[in-house]
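Heads up, the next two complexes both have subunit A, just with different partners, subunit B and then subunit C.
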Partner chain A sequence: MGAKRAREHEHELEEALRQAERCSTTECSFCRDNCPSYRLNAFESGNPRGKNRVLAAYSEGRLDIEDLLEIVLDCAVCGQCSEACLADAGIYGQIPKVREFLQREGLIPEEMNASARRALDDGTPYPSKDRSWSEGLPEKASVGYFPGCNVLANNPKLAVHTVALLEREGVRPAAIDEHCCGSSVFNAGMADDFRDNAGMIAAEIKKKGVKRLITSCPGCTNVLVNLQPKVAKMPFKTVHITEFLASRKPGKALPGDAGKAAGGRVAYHDPCNLGRKLGITEEPRKIIEALGFELLEFRFNRARSACCGGGGGLGTVHPESSLELARDRVDEALAMGADALVSTCQTCTTRFARAAKGDIETLDLVEMIPI
Partner chain B sequence: MMRRIDDIIIRRAGAPDMDAVSRVIASAFDDKIVAIGGQKRAGRVVPIIVGSMRGEKFIAVTGGEVVGAIIVTTEEIDPVDGNVLKVVKVLGLFGALKAWRVARSYTRSTPKRLEKEGVLEAVGVMEDHRGQGVGGLLVRRAEARLKNLGMKTFGLGVKENSEAVRFYERLGFEVVTKYHNRLGDWLYMRKRI
Partner chain C sequence: MATADELRTLLPNARVTDRPTDIEPYRDIDGGNVPVVCVVLPSSYEDVRKVLRHCDERGLGVVPWGGGTNLCRALSPSRASVALDMKSLGRIIGFDEVTGTVTVQAGATPDDIDSYLAARGFRFHFDPWSRFSCTIGGALAMNANGSLYPVHGGVGDEVLSLRVALADGTMMDLGPGTRAASMPQLFRLFMGSEGTLGVILEATFAVYPVPPHHETVGCAFTSFSSMFDALLELERAGLSPDSFIGGTIPRVTAKLQPKAERVLIRALRIKAALFAYYEGDIDGSTARVAASKEILSRAGKLMPQKYSEEWWPNRHTYFESNEGLVNEGLSPHVFDLAVPEREVPGLVARVEELMEKAGFADRLSHTLFTSTDAYTVSLFLTAEELGSHRISTLSRELFELVWQSGGTVSRTHGYGTLIDHQAVQRDMGDDLGMLGRLKKVLDPNGTLNPGVMLPDRTEVDGGQGAGPRTRTGGGRVRGPFASTGGD
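Now for the complex of A and B:
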């Protein structure tokens, strides 16, 4: 470890200790209520309060770095602990740094590293990427569309549908899909590679003349808005598709305006990245209501929404357990009497579909808007 | 060989007992040990967690071996109506204001404890010694300590439909409310002491 890195490491350990001290001041345990990691591991070390204590013990030299492994990898990085914390001590803020420590020590599991390497080498963490969606789109435009690897791997029709909606609104976007946003690289603690990848995305966007980037995936949107600007210059504005659609001029109806859709009762799940980390909570609701559906609310919603189980690489490290979290959400939607469980994140909807096993229809909100 | 309950000594846990307390509490969470990273890693992490838990700790000892442990707490700091000065001291004025804002707006699943209410945080009995009344002795000892500390009630959360509900009912606890969190459906039980 170089001298600079050693100083940074020391500083990070001191911060972990301060955070644990703040946490123990209140001992409120608000963070436990809705923590996905605690749902999977009901022992104290599975919740943010316990994780703070374990991290503090490591900082004091009472534990080895390997002892942090499960505690750090079982975190969905959903951020609800920070939202609920009285003492500004949510473990969410510490997890990326600790994953960097684990990466430097060669302790990150191979499945997470493999996913991150595919994102860097192939431009997607998934085995395949359907790029046919962008045929016929201009090489250069002031507006770009970044569908995200998850959409292209699991639901490429959503990208085609989104482009059709944009074109109906008079926007013909340039396709931005050469590189992955790098979320899996960030989650695996590969800080240097994440920085390089951000630079490559910025270069692609600059080359295509894009000033305004429209996205489908909340995970990518969070990376582009909150994470990449910390490591690279990103000279464009990023807008999630629901923000774009909900911001149509007054008097101009939303695409698929009220009455044209089928109606019915819709439970809307706020993706962590969209609702909590980007504060986009009302726009999707505005669209659902404009489409004429009855909106049903989960108990934990908006900025305090519950994680679907797919965040932070949890679905990669613990695929079965992460589906239990998705099933919780499905069961709550069924209990509310919803006809469909709707979200605006492909990670969430894919997970819900697997967990629901046909018990309820699971949809991306944008798919519900008729062309 | 089945031991008689008279052989069990309940005493306060001191610093040298913390490893034993951790071992016993961990035994109650055996099915969760895999999630902590297996027995070896749990052997290091669990003592950290148990050691950092504040509150009164008692152990059940028989034949020189610690076979049961209980942890109860008497204090919960709440920025809304709790020890405001202490919160300000550690979090600063700005941090305390933020804490107050979150506490005001957050609807926690777990029922709020009453003033002067002790709460059972964890109790465990080693598998070979279950069904012999050790848990009951530990709960009664903790209850006596809470009473001495001026507590008026003793509360605890327990999974709905679990065998433990009957156990606590036999000890005089009554269900006061139901609640739900990501671990499932729970009952909050309380007794006047």
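Now for the complex of A and C:
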């Protein structure tokens, strides 16, 4: 078969192909059921095992380079397959490499590139960025706060609320919001730009004397903790706000303990980036319980949590399908009898709110904590 | 018109694809160039019937697809076929707490069903290692079984009724739906027939409340035979476990254990280990555990409770505990055998000898899983060795030993196209002839899974529509838990 090949950059796929081979000796499909991409494309090509087979078929010359695009852009880069795989063959770890390869071949769709370019040029992939939240904060401090572009575009109140909580704990952070973390740049496979952007963030943080960076967005947190240190020196410690709030000295009440009246039943959704990629699963639960809510668990929770539909640029490339995934979560929360669907990620809560259409209250955990 | 276009017109609500990216994973399953022409995700039983009728009239094959987890290349038809992916029909249709029954569509996974039932205080009896990924239709078609085999038998043993579609599209509801009926249980024909007689659409199972208590006893032994004898003694004392796994520790994995365990294994000359699981009401199971400990402690060394209790919650991720093996690039390759109980020790000794000669003694394990006649030989192999000629030859020699012991070479992992027809004939004897006759009646055009388990009609009578047999062996053999045929 005369499949179209892209010889020039093919060596970049070597590890991905090795991994597809590893999968082929097992093909257990343990990674299938909770894969958001499979929920959208219910043929085998939608699930991680099928994606591995497609990669292998490309390497064996049976498929065109364009065929790779379909399996790669459907992927929410949620990490579930690598978590489920016992043979170290989940395709998650290889998707960025394949996207890089496709980027060099000029095959990444324009909407993804445009979003990445905005992140690089305007410091946010979103049309706007409200920076008024940081008025009055010090120029320099040992603790910095990085709210993330999504929060500033869609829910700047959360940044203000978080600062108020930090101040109540005696922390006046420096504002870190000049640059985007670059996740859309990473998702579009622009490796060099991603590295340069990481360097700029590191420089901003260094200039402000920050040693400990507190974040709101799990996506940014994952980029700062897991991805940027691979390409740039990041000489500071990153802490997600739920870790900060839950790591109070023993005996000291959690913020919000006063407002026990809450009493309702809340379903907590672990964001992929927080629960799976950073292992922060118990801290949010501790806060929910300390706030006096009854905690309800999804069938797939913690490290095996399902995707809200917003990961990996899925919301950009497949907006409608991405909302279907969010609706699945809403429906499960309703079936459990939850009064509210709670998460601690702006991507998740925005998507849930849109998908819920008022059927259930959707909340950010940090906003539930009274000042 | 291409088949996919015809089916799109015929099935407006189904999803039909012949895009190269989409059909590749169906063609490439098990490394073969499977002649799948298009894939259908049916939206209803009516869609399934239409696909069958359409293909049956045109000499096209139909491969019912479940989770694609079978280990015998049972999704590899010998001529052009439509893949009918039944995972799109995976709903749980109904649960009746009073009668203790659940009705599910073929595409549901055991884990889907068990999660649904768990929320209602019940559990699903079929608990294989592939519980997250195999489907009920596929499991019934393979007559699979899982860890609760001693209590509930295989997946098919708790079936009360089945809805199936035959090759000509006829839909049938088989089985009385209760146990109290003297009629022939014809629905059992479909169990273990590897999708060759009909497409399973729906099944009703008896289900039971979750037992209130369970406990596991772990025991280490200095040889396979001391473990085997201890199991027989438990049996004689009426203390057979409700589930168990027991086997020799392959030397290669013993070497990969953390240092403390390695030292312990050597110091105590541990060669085999057994995990025996008991469940029921707290008094009953605790008493059985105490009595079983008594017997086991005479034959071996009881493990600390902490180790013993680790097996049950981790029973589906056995492979994970072998991270060392993954790092070494080794995958367990399983020969899933059924051997008369009294023959097991002798066969184990002969297999040991065979593997010693073949140079695999270090990478060998003998295991009994849920039954003393369910003997599994595992070899830990590199990717190159999997599916190699050397392993094929070794399989043949192993099969001979099994047949000489009066056993069969496939207990639950099926025949598919991995085990050649001669070997299937030797295993099944007259049952294969009976299956052939039934096939002629139920699927006279040989539409369903051509060439799987039974020779395709085109191989037997040179009928029309025969393409060359694409896979007479070779191809990829899956590692973990994969059965090996003699091709």
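The rule is short, and it goes like this: the second predicted complex is superposed on the first by the 353 of 371 C-alpha atoms of A that agree within 3 Å, B and C clash if a C-alpha of one lies under 4 Å from a C-alpha of the other, contacts with A are read in each partner's own complex, and residues count from 1 in each chain.
By definition in this document, a contact is a pair of C-beta atoms (placed from the backbone, for glycine too) under 8 Å apart; a residue touches a chain by one contact, two chains touch by 3 or more.
Treat the numbers as computed from the prediction; the structure is a model and nothing was measured.
After superposition onto subunit A, the modelled positions of subunit B and subunit C overlap sterically.
In the superposition on chain A, contact of A:Ile241 is made with neither subunit B nor subunit C. Of the two partner chains, both subunit B and subunit C are touched by A:Thr25.
Applying the stated contact rule after C-alpha superposition, one finds that A:Asp74 touches subunit B and leaves subunit C untouched.
Once the two complexes are overlaid on the shared chain, A:Ala306 sits against subunit B while remaining clear of subunit C. Taking subunit A as the reference chain, the count of touched residues is higher for B when subunit B and subunit C are set side by side. Only one of the stretches 238-246, 310-318, 346-354 or 400-408 in subunit C has C-alpha atoms clashing with subunit B after the fit on chain A, and that stretch is 310-318. Overlaid on A, the two complexes show subunit B and subunit C touching the same residues of subunit A, namely 21-22, 24-30, 32-33, 41-45, 50, 53-54, 57, 62-64, 67, 70-71, 84, 86-88. Residues 21-22, 24-30, 32-36, 38-46, 50, 53-54, 57, 62-64, 66-67, 69-71, 74, 84-88, 306, 325, 328 of subunit A are the ones that touch subunit B when the two sit in their complex.
Interface residues of subunit A facing subunit C in the complex, by the touch rule stated above, are 21-22, 24-30, 32-33, 41-45, 49-50, 53-54, 56-57, 62-64, 67, 70-71, 84, 86-88, 299. Those residues of subunit B that touch subunit A in the shared complex are 29, 32, 35-37, 41, 44-46, 48-49, 52-54, 76-79, 86-87, 90-91, 95, 98-99, 102-103, 106, 108-110, 181-183. Those residues of subunit C that touch subunit A in the shared complex are 15, 17, 20-22, 24-26, 28-31, 39, 41, 67-69, 85, 87-88, 109, 111-112, 115, 130, 132-133, 317, 319-320, 326, 331, 383, 386, 476, 478-480.
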